[in-house]
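One structure, pasted below without further comment.
A, B, C and D label the chains in the order they appear, each numbered from 1.
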Amino acid sequence: MHRDRFYTLSASCPDQVGIIARVSGFIAEHGGWILESSFHADDLTGRYFMRIEIKADSLPFLLAEFRDRFRREIAEPLAMDWRINDSAVKKRVVVLVSKQEHCLYDLLARWQSKELDIEIPCVISNHDTFKGFVEWHGIPFIHVPVNADNKAAAYAEIQRIFEDVRGDTMVLARYMQILSPELCDALNGRIINIHHSFLPSFVGAKPYHQAYQRGVKLIGATCHYVTSELDAGPIIEQDVIRIDHSDSPEDMVRYGKDIEKTVLARGLRYHLEDRVLVHGNKTVVFR
Amino acid sequence: MHRDRFYTLSASCPDQVGIIARVSGFIAEHGGWILESSFHADDLTGRYFMRIEIKADSLPFLLAEFRDRFRREIAEPLAMDWRINDSAVKKRVVVLVSKQEHCLYDLLARWQSKELDIEIPCVISNHDTFKGFVEWHGIPFIHVPVNADNKAAAYAEIQRIFEDVRGDTMVLARYMQILSPELCDALNGRIINIHHSFLPSFVGAKPYHQAYQRGVKLIGATCHYVTSELDAGPIIEQDVIRIDHSDSPEDMVRYGKDIEKTVLARGLRYHLEDRVLVHGNKTVVFR
Amino acid sequence: MHRDRFYTLSASCPDQVGIIARVSGFIAEHGGWILESSFHADDLTGRYFMRIEIKADSLPFLLAEFRDRFRREIAEPLAMDWRINDSAVKKRVVVLVSKQEHCLYDLLARWQSKELDIEIPCVISNHDTFKGFVEWHGIPFIHVPVNADNKAAAYAEIQRIFEDVRGDTMVLARYMQILSPELCDALNGRIINIHHSFLPSFVGAKPYHQAYQRGVKLIGATCHYVTSELDAGPIIEQDVIRIDHSDSPEDMVRYGKDIEKTVLARGLRYHLEDRVLVHGNKTVVFR
Amino acid sequence: MHRDRFYTLSASCPDQVGIIARVSGFIAEHGGWILESSFHADDLTGRYFMRIEIKADSLPFLLAEFRDRFRREIAEPLAMDWRINDSAVKKRVVVLVSKQEHCLYDLLARWQSKELDIEIPCVISNHDTFKGFVEWHGIPFIHVPVNADNKAAAYAEIQRIFEDVRGDTMVLARYMQILSPELCDALNGRIINIHHSFLPSFVGAKPYHQAYQRGVKLIGATCHYVTSELDAGPIIEQDVIRIDHSDSPEDMVRYGKDIEKTVLARGLRYHLEDRVLVHGNKTVVFR
């Protein structure tokens, strides 16, 4: 199950003839061994997307030089948005929770087994419910109360903590507070939320109760990037589960949890493996 | 695969102690053999729902007397909404189509193989595209053009035809016109539509294009009763299929067709087998 | 979300006219309020199955008298297999694990949140990997090593512990040992396993590797009762997830975990709520 | 919905550094516009797979020269198995049926609407049930009876017809006969079957009855290439649907049909679009 160290190149640029040839030619010229590669041309917008995994030790230079050469020879001429990440550098994921345990237990189980090979520098919560559980895992737990009067200060504090611990990604694991627009903007594309409905249906509070009222026959969950517009950010992953007339809103909450944690885990994994490229309010996900 | 003739009792009433006992006691008293039975208590509204299949020849009287006795001894004392249908009497289903063939072919294949054991007294269309195909099956095809100027007359004509052929159920098999409120009201609970989205998302026109714009990761279809409010009637059945960033709106249209015909066929079957009980804007479906 | 105390009657008997009438008549006669009821006639074998929830305080007698009267007046005359359980008495579930954490974390999260409203008198393992984690939750952890030489003694010990702690149900939460036939027989219908394939495909060891070799496009998991024949007991619940050619056996293992824990949790819940009636090598599950 | 004419290159070869660079470099050098591209490295076998769509009019030469140059400059040096197809040349699909209509209606609906943009030079059947229906569509219907005594001759006749009409692909649309090994070998990789179970479970006859006996909770269908070993060829596509204890084998047959036709249509489309590359007894499917 061990995989060799590799670099992941994720990029997008205006479409034109020869993009794959130039990128793969650059890699081949240096002996780079491509482990996995995905390409997508968006016909409607004329934008081109790619993700390439390259075995690290097949290249004759280190990451810094790789990045430098790639920028000069490929990325700048093609006007790319791009990033290259190193599988040897673990992503640092800050988890925010409130009082519901299902996503937290699920993420920590995946972290504990190294299925998610990440660092969790801390868990932040507006309650202290999970302090003992988190600390038992050797992870710092930080209680940042949020109330009607201190929101601005609380989100500034959360942002400060995230920066202090050098967080890469913030996960709202059923964090029942609406982040400030300032925080959403500051960490744009780096905050992942799990919403407990099949968006765009049932935005906002109590989506299972909304679903119950409407009488839908399936309920869902949506993993998306957080933007300052509530539940409207780019969607990374969704799934649904069947219900019927005999299910109360409470039953739906219970069923929904199973979808929420799975969808969050899949969406987070796609993000951490640089499989997600944001494009306006949509995503390309190279599964 | 032959099933004996049976009666299907579908009913709802205010909940109270002893409903099952009274209904099943009445049936047992006359020697009625129950093939299948389903019950549901809606806790929030205090209403009780049931569906019971009884072997016809296990009862010592004919349908008319069964209905008469049931009304007097059970339904009236319990303030029931109820109906009893006879499996030997085929439901008469009038199909409305426009220019898309997938639901029409699918319904006729099910009718031809007797999977749907119904009469189709006619197919009505605002185009004559499928005249030959329908008539080849020995089913009358009636062309009722609809345009901006003749809507009222056209829907009156459709209603007249439905009544003339003694239709039980009208199926909009991707009929791309919005029925008049008068027709919706006149045939309330008897018109079934297939909408090509996972309602309540993407009401109205071009739902796949709406889904494409929003960047959802699953698309769906919804079978529902038609009411005068567009795409807002009681939902009978829904399903979804996974898509990804590489799927254009045209791909979604293509994938969607497979969901549409399956969801329509399931919803229609539930309706025809008296498995659906409407309750406000929701349904109880005794699958 | 609070539900009143209720009794659950689960029963099966040879089919005949009037079973529902007699059972529901008995309940109604004593003023019993039926919360939920399900019935099923198995046409091929002529056996009848039922499950009824009755509000405890709607009955004029206590559980012992209810059982006693039901036995004399209904169960014995109808030659029933039956049981009546009390929602106020928590089931006692003994969990067996080896070294994989996903099902254990999942079960404890559900237990901790009272989604599974059970007692876990102890967790038993052939390894001590999860001793700290389990004990942190306040649950006794018992290490029973199993090796080629001590199997008989080890399973006898496990049975003794199960009986000592008055276990109702034993859950093999990815317990990687094959129980002795003696233990399977002694606790027949009370041991639940999660097998990591869509049975009957891929019985035995390394099912994901078998699936990889065969090139299937979906992988699954199966929750079933344990019998002395390996992976051949009555199936309670199954589900699948889509994979493709790019997924290695290790990827399948990872995807599979998400199915395993969900399927186990659903199957276990059905069992604990007395929704499962075993019938030969099959189950009736009144979902 | 109109797509420009394009060529589809499908190929596999031993993995080495620089394959993408060489192939895409060759295409770019001639100004070829890549519409869609997919690559896969099989780590365990060290084989490399690809599929590339190139806009036809972006290349300065015709198909014959493209093939010729590609062979000399790329395919031979890299020891490729390869093919290049032209979207302007419709594939010719011969359909074999027996007495079940669901797959036939479904395929003809897709053909009629040009969702499947193919030629159907003829439908062959061991019964004459669908003669009128097929001929109404303007498609020749050929009745080739098969019985215990004439199997060899019948299959030789079917092969002769297939060759006469210059068939590319043969589809067994619930054709209830087992082809001769000679026919399977002669058309290896070109015959597609739909089997009505989730293989490898329930090989052979009456799989729904087998599924009923085993008490599974989901049933499925499998689209696969036909080889001389029954139901054991490379799997292209599979799917499942949920059932429960109340479903008889006949209900399963009915539910199964919906899966069969959808899975067959998807698998056939993948094959026709050159998305399927066979690899031993497995497939790479570039969806």
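Operating definition for what follows: contacts are C-beta pairs under 8 Å (C-beta built on N, C-alpha and C of every residue); 3 or more make two chains touch, one makes a residue touch a chain.
Since the model is a prediction, treat every value here as computed from it, not as a measurement.
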(request) Trace the shortest sequence of touching chains from subunit B to subunit C and report its length in steps. (result) 1
(message) On the document's contact criterion, could you list the chains that touch subunit A and likewise touch subunit D?
(response) B, C
(message) Farthest chain from subunit B, going by the mean of C-alpha atoms per chain?
(response) A
(request) List the centre-to-centre spacing of subunit C and subunit D in whole Å, with centres computed as mean CA coordinates. (result) 42
(message) Need the CA-centroid distance for the pair subunit B / subunit D, whole Å please.
(response) 35
(request) Mark out which residues of subunit C touch at least two other chains, giving numbers and ranges. (result) 36, 246
(request) With chains as vertices and touches as edges, which is it: line, ring, star, complete or other? (result) complete
(message) Using the touch definition from the top, list the residues of subunit C that touch subunit D in their complex.
(response) 40, 42-44, 198-202, 214-218, 220, 234-240, 244-246, 248, 281-285, 287
(message) Per the contact definition, I'd like the list of subunit D residues that touch subunit B in the complex.
(response) 1, 36, 100-102, 105-106, 108-110, 112-113, 115, 132-133, 136, 246, 250, 254, 257-258, 262, 265
(request) Could you please specify the touching residues of subunit A with respect to subunit D in the complex? (result) 17-18, 20-22, 24-25, 27-29, 31-39, 41, 58, 242
